[in-house]
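Chains: A, B and C, in written order; residue numbering restarts at 1 for each.
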Amino acid sequence: MNYTEKIREIAARLLENGQVDMVMAWEKGDLEYQTIPFIARTVDEVSRIVCDEYSIHNLSNYLLRYRDGKEKIAIVVKGCDSRGIVRLLEDNQIARDRLYIIGITCDGVKDPLRAMRQHSGFEKVEKPEDGLAAKCLDCRQPNPVIYDELLGEEQTPRGGEDRFARIAEIEQMSADERYKFFESLFSTCIRCYACRQACVACNCRTCIFDETRPQWVGRETSISDNFMYHLVRASHMAGRCVECGECERVCPVNIPLMLVNRKLIKDVNEFFGPYEAGMEYVEGRKPPLSVYRENDPDDFL
Amino acid sequence: MKVLKFGKIEQVLDRLAQQAEVYVPMLRGQQTGFYSWNTYDEGYDDLMFDILNVYQSPKHVILPQTEMMYRFRQEGQDVIIDAEAQEITPKIIMGIRSCDVRGIEHLDAVFLTKGYVDEFYKARRDKITIIANACYNPGTNCFCASMGVNPTDPEAADIIMREVEVGYVWDVKTEKGQAVTKQIEDLLEEEEVELFPLKRFLRKVDYEGVAEKLKDMFDDPMWEKYSEPCQTCGICTYLCPTCYCFDIQVKTWGEEGYRFRCWDSCMYREYTQMAGGHNPREAAKERFRNRFLHKLQFFTERYGQPLCTGCGRCVVVCPGGVNIIKIIDTVKEAKTGA
Amino acid sequence: MHSSNTQNPLVPGIVEVVKIIDETPDVKNFYVRCVDGGVPFNVMPGQLAMVSLVPVGEAMFSVSWQEENDHLEFAIKRVGLMTDELHRIEVGQKLGVRGPYGNGFPVEACKGKDMLFIGGGIGLAPLRSFIKYCFKHREDYGKITILYGSRTSADLCFKDELFDKWPKEKDTQVYVTIDNPEEGWDGHVGFVPAYLEELKPNPEGTIAVICGPPIMIKFCLQSLEKMGFNDEQVITTLEMRMKCGIGKCGRCNIGHEYICLDGPVFNLAQLKQLPPEW
């Protein structure tokens, strides 16, 4: 995947004619496998823009910093990232007319974090993996669902047959087994909140975990506070997660967060669906758990 | 020279673990960090003396992420505080690299000097023996030597292990180290071996003069630029061997409870959020700038050395690709300042 | 300056609340004393102490007065979880307290000077310790001018001292202002920095001591500079979120200075060396 030249052209055009104040894309970091988010604000900066096989970050999350501003923003989004834009629009976080969305169809990207780690000496690796990022193997949406300009040929999803297979297995466990399973996952959490920070759906102005009056969740890295953190985080994702996989990718202790998110995707789909979050933007439409209906199912309570 | 042969490492660990909790680098599941040898599970864990370093530095051994400080009980309007010190088991950190030893030296400076001694820290620190693993082969993102660390001769180590062909040369540095060595002396062998030479560093920075220059760079546009990819999560602070900031919190149930401290991160907005609503470092850029100024300027001004040991962890794990090496380089090249 | 009642500087000693005075609708002045009498430690004007309602939380407050070896006073505004709860307690409640922390006001260096105290809202609490110290050592200080303002007349703290006791002290002027006109208020109306400019205090031999909301401090510093006060003549006391009080936990830094250790009192010359992050 390499859209660098095309995006530079578009960015130069948009900045030059004043259509936007900034272009959110990527630039190269220090190492060949390092591509990092970058915001170009002038035509001079456009030459730094890249969009290559390591452009993995879901930039829609970065729009949150500008939600109170008036700037017009061009943003480059892959298929999965574009669902993040729908998330923000549905959540009234940013106005559609402030955005110029450059959609790119995506045949999968590599993970700079994985490459950094594998080349760092901090991991025992025979030979660094050079394939697609883990999250791309489960790709549901390689083509942007919302855009003002689209680049690339239509792609077919690479996601496996049944993305809920592992969920079904866990559902089959006994309550004790399940508890042990989740305990082993969450006991390792160091509460760095990287999963929250990387998440476009985590757009509350004051996150419940930062609230101090009252303080809802304790700050100990104990199994009970960790559980509380992850359960609350997960349930806030219900019907809202756009499956960009960033939370799991950035986790420094490799907690399989998408497993938890998928359980909720599956449940929301079964109880309130058919429903896939952020697949289409229709003004005024909300995710199932953001509206109350008298006939909402409640037999799972 | 005393040499610990590869084949006898587990025996040494077993022996040491009878007197102390021995923390060693392991791969546990998907994570790497320092874990107690007592919890080693052959089927699940992998001992990692032979790796460059582990993601989670051993700072938690000396500064636990969550630490109970004292218990209390409320009876009507009365409050009873039970501050009886907890029994501290002696601990050994074995296989720690020079960069992380320097991290402990910094923690010592913070918690043991400048007017107050932190008694919780001191009680644990006094009972910790450091067995370092000299580093002859720096990694892709290592720049410890640039930050004044000697990779093969960590200052605060009680014993230094030096990897050779057949095992580790056992280089005792202090009385504490001697006491530990006594317990395992029969497992060491006398042998003349040749040490490896220190390999070339792939990364270098020039920190000389950076702290002074930063004084005039508080309003430099680089803070805006470099903080842009930062997601203001706490990965860098929690994996850093020197980041020591903590929060003090309380847990209460009914009439009882305890006060504890836990790691905190200057990257979190709540860190400086005052009860009345004012926050002197509200914006991501301000928090980002404070973190790096603390590392590269403020700590140097206060304690004489930068609060960075060049271990490279933050460079490796940052989801946004924030890079302290680049920040130092930028300061170095900047025309402003001295 | 270790905590006197315990070996471990992070573990508080216990004191009893012996009196609570309602200063304003959201400020109460708490008098505390050791259970067996006396103060838990001696405090210099401007120093801080960590007060805990033990099961709820711990927060740093300026000691607004130490009355000999009888009691300490903390004037506390209700602004958050911990102070909400503090405002609900009654006389007899035991609190945790540790300290004293910080440098305090330069009471010695100010000897022989005319003193100008400028306060806003709860900012009078720390100033009061210095004001009362000056009155106690009246012969050591020159003319005393107190300029104090709050949002409304109901928000004025220490009213009996402000309107009754302090104006009667030798060579003392007290000026009080509120932000907006109010029925029944015949005093001055307007913000503190504006009133300061009206009063035009003479910088000659004067030390100005300021405490209040950051925005008030910033404007007053500008005004004083315009009037010819030099940077050593202007002192302020700052506030930051604090947890440990002993320079370890990290958060109260402004540049390389920690408010809890090196502050909270700085003169303008020192402040200008630091980043404007307060």
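As a working rule, a residue touches a chain if its C-beta (ideal position, glycine included) is under 8 Å from a C-beta of that chain, and two chains touch if they have at least 3 such contacts.
Everything numeric in this text was worked out from a predicted model, so none of it was measured.
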item	value
Pair joined by the larger number of C-beta contacts - B-C, A-C	B-C
Chain occupying the most central position, where position means C-alpha average	B
Remotest chain, chain B as reference, centres from CA atoms	C
Length of the line joining the C-alpha centres of chain A and chain B, rounded to whole Å	31
Chain B and chain C: spacing of chain centres that average the CA atoms, whole Å	38
Averaged-CA centre spacing for the pair chain C and chain A, given as whole angstrom	48
Touching two or more other chains - residue numbers and ranges from chain B	247, 273
Sequence positions of chain C contacting 2 or more other chains	80-81
Overlap residues in chain A, where contacts from two or more other chains coincide	212
In the complex, chain B residues that touch chain C	69-70, 72, 74, 77-79, 81, 83, 110-111, 114-120, 218, 244-248, 250, 252, 255, 257, 259, 261, 264, 266, 271-278, 280-281, 286, 290, 293-294, 297-299, 301-302
Complex contact set, residues of chain C against chain A	80-81, 84
Residue ranges of chain C in contact with chain B within the complex	1-2, 6-12, 14, 54-59, 77, 79-83, 89-90, 92-96, 213-214, 239-241, 243-244, 246-251, 253-256, 261, 275, 277-278
Residue ranges of chain A in contact with chain C within the complex	212-215
Touching residues on chain A, where the partner in the complex is chain B	29-31, 34-39, 57, 61-62, 65, 112-113, 116-117, 119-124, 184, 188, 190-194, 196-198, 210, 212, 218-222, 246, 249-250, 252-254
